[in-house]
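Take a look at the structures below.
Look for subunit A in each of the two complexes below; its partner is subunit B in the first and subunit C in the second.
Let's look at the complex of A and B:
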């Protein structure tokens, strides 16, 4: 475990060198929030109107937290790195090291996102208070519960992305699958809460990572409900176990295909 | 002069052709990139279907209007990214000292850099735009105009990529800012301008060229007006000239330790 913590620490130290670059990445996030504030202002004719259980204030905070969370969560550099490691053969060098490659990627992922998480909390809260105002339904007591599901959500997210990325052993370029995953998470769980969809679609979504990665954590921060917390947590534990098994299986199988020709 | 332009364009076309042939070696990956990009774009229709199920008209915009905007936006983006992908990677090319390879060639450096890379998935974007135009039952005239304006908009988009990429001549860690400016253009262009207030409409018309790349071409296809067309043409000339001017100016500041790489 200590070695993975060292990988996490080294990645975090590296990211600390480029704080300015990190802040510039939040330009896009700020812009999306601005677009959605404008869009929802046109949809909610009356600020007190309730659409599918969401007031104007709740809806905007949901989108803002969801967008912040989505910006932090996807880590293109890491998934591209895994693909390049496999396609260009660096993986042969890395499997020699005394660590398990997927876990090494997880440690790197947390090192990569740690600063982004802190920055996004600061940027999102400031933007929200300036553009939307205080979140009416927020309670500080919900933070420990939300924290638990957020950690699980990050774990499911990264193992899922690693599982897709290590499929480079078989298909060379797994990026198209990552685009589709991103769009699923964005359209079905980030820009709208799942309550905006029909009951059938909602039921299907509850069995997918959209529910555990995006909707669950965001919903619990916006409008906490202990029943939803329990349901999200149970789904997260089951999904994490399944995805870790799939990830390790795909990796172990692919690892055997590596040919080392020296050099 | 004309001969030089012809020669430069010929080499640029050859570069695109060979890049495409290289990408087509792995057929599965090639086709998957195109199809999945079309699917990726199609997801946004769901977003708008949900919005229009809540409210049928947003400031006069209907689903049909959004589809037209998406067709134009995807196709413009696709054209720029396919033919001039190197323009969007310029910042990194400068920062990593990779311009050296192009400086020794007796051809226009910017054109060679811009056409040195292609993005296969951009074919999916262009096709997606065309499919949407056919889906909304556009006439042949509208389809022809769509192709012409996609090329014009795509060239302005690429010129904007060069302008933001030139930040690399000033600061070595400005790629985040360059990419953010490009992503602002891409993100805004998929939303109707009617949702923004006048101040924002001014910014997206004159500072970030969303109006010239998507909004104006989209209007011109369905309501052609020669005055608006001239505005678009002038915008194209200004953006391309500015891109060449800034690049050549920045090139004088460029220095490296002679990194030589083969182009395969």
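Let's look at the complex of A and C:
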């Protein structure tokens, strides 16, 4: 475990060198939030109106937290790195070390996002308080529960992305799949809560990572409900187990295909 | 104990072949054709503990594929490999802790970290206790003279300094074997000598087995006791340096400067490599003649300067490559 912590630490150390670059990424985030806040202001003609269980204040905070999640989660640097490792053969120099490459990527992922998480909590809270005001339904007591589902959400997210990225062993470019994943997460779980969709779509979404990665943690922070917490957590445990197995299977099979020429 | 045991090792690669042009591309969409290329073909060799072995071959000969199978990167098709008694394909993690690898063209260090942080990092990766890592860093610091650069980020180091750090990082877990793939590539002659001196010293002090590939003849001459040459996936030579000298260094190069233009005619055992007015460069076959025989062919009083040297190892290796 210590070795993975060291990988996390080294990656975090690396990210500290590029703090300016990180802060610039939040410019886009701020712009997106500003657009959606104004969009929802138009949809909610009456601020006291409740649409599909969401008050105006809850909806704006949902979009804000969801957008912050989305910004942190997508982490293209890591998935692109995995793809390049495989396509250009650099993976050869990583698989002869005494660690398991997918876990190495998980440690790197957490090192990559740690600063982003801290910055996004700060930026999102400040923006929310300035543009929306206090989240009316928020309670500090829900934080430990939300924290559990957030950790699971991050794990599902990264193992899913690693599983897609290591498919580079078989297909030349996994980027289109990652693009589709990002867009699904954005449209179905981030900018609109799933309650905005028809019952059929909601049922389908509940069986997908959208429910466990974005919707679950965001919904629980905005409007905590113990029943939803249980439902999200059970779904997360099942999904994480399945995705980790798939990820390790795809990697183990692909590892045997390593083909390094030259040198 | 044998450090490396390789028996009947083979590896093939399947590559897609495509006819040229757009027509070929469209055709390959419908029907893909593959070609099987045997990169390594039934090779067998051993390396004793503490030996320094050069593993040579022209580009595409199969040396890189072999090293990658030995270090657990590539899966073999057939044959057996044992590295310090460990099978790389079944126990890769255990193997990783017994070997060190330095690939001259691939950086393993984290460039934003200092050498000290990198060594600590690699120590943890290999599960070496912290106090042992500290001790080794201290030891290597003295040996490799890293005091001035220990706290400088790797990205700010020169290539020679980086290679020194790469070697230390690969030795931090005290491996029994070090695989070096072109360790001196791109370095200037002084730094090359320094790296070779350090490699030799590590071999002597720690009885470290060294398996080296290099296109630099200096590396081979100054470091290796034995040479294995691979070509077209097969081992064509596996001899000690002494044996190589005995077998292949059968010619001497003689450079002569004369007082006047001499009428020299080549005879059996002598080839004229270069002839200018008062200068001759000859290759003399020791199987036919002795070096002193030259004085029977050119009168001593006509020679103003003479030098006798061996043929270069480079040309011997080139000859072996070409003869196969």
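Here is the rule we use: the second predicted complex is superposed on the first by the 260 of 263 C-alpha atoms of A that agree within 3 Å, B and C clash if a C-alpha of one lies under 4 Å from a C-alpha of the other, contacts with A are read in each partner's own complex, and residues count from 1 in each chain.
As a working rule, a residue touches a chain if its C-beta (ideal position, glycine included) is under 8 Å from a C-beta of that chain, and two chains touch if they have at least 3 such contacts.
The model shown is predicted, which means the values in this text are computed figures rather than measured ones.
Once the complexes are laid over each other on subunit A, subunit B and subunit C both fit without any clash. In the superposition on chain A, A:39 makes contact with subunit B only, while subunit C stays out of contact range. By the touch criterion defined above, A:99 lies against subunit C but remains apart from subunit B after alignment on the C-alpha atoms of chain A. With both structures placed on the common chain, the touch criterion links A:176 to subunit B but leaves subunit C unconnected.
In the superposition on chain A, A:191 makes contact with subunit B only, not with subunit C. Of the two partner chains, subunit B is the only one that A:51 touches; subunit C does not reach it. Counting residues of subunit A touched by each partner, subunit B versus subunit C, the larger count belongs to B.
In the superposition on chain A, contact of A:27 is made with subunit B only, not with subunit C.
Using the contact criterion defined above for the overlaid structures, shared-chain residue A:139 touches neither subunit B nor subunit C, since it reaches no partner.
Our angle of interest has its tip at the CA centre of subunit A and reaches the CA centres of subunit B and subunit C; in the overlay it is 80°, to the nearest 10.
Closest approach of subunit B to subunit C, taken over C-alpha atoms in the A-based superposition, is 8 Å.
No residue of subunit A lies at the contact with subunit B in one complex and also at the contact with subunit C in the other.
The part of subunit C that touches subunit A in the complex is made up of residues 13, 59, 64-65, 68, 71-75, 92-93, 95-97, 99, 101, 103, 105-106, 108, 110, 112-113, 117, 120-121, 124-127, 181-182. Subunit B makes touch with subunit A in their complex at residues 26, 28-29, 32-33, 35-37, 39-40, 43-44, 46-47, 50-51, 54-55, 58-59, 121, 173, 175-177, 180-181, 183-184, 187-188, 191, 195-197, 200. Subunit A contributes residues 18, 20-22, 24-25, 27-28, 31-32, 34-35, 38-39, 42-43, 51, 171-173, 175-177, 179-180, 183-184, 186-188, 191-192, 196-197 to its touches with subunit B in the complex. On subunit A, the positions that touch subunit C within their shared complex are 2-3, 5-7, 10, 13-14, 17, 90, 92-93, 95-99, 256, 258-263.
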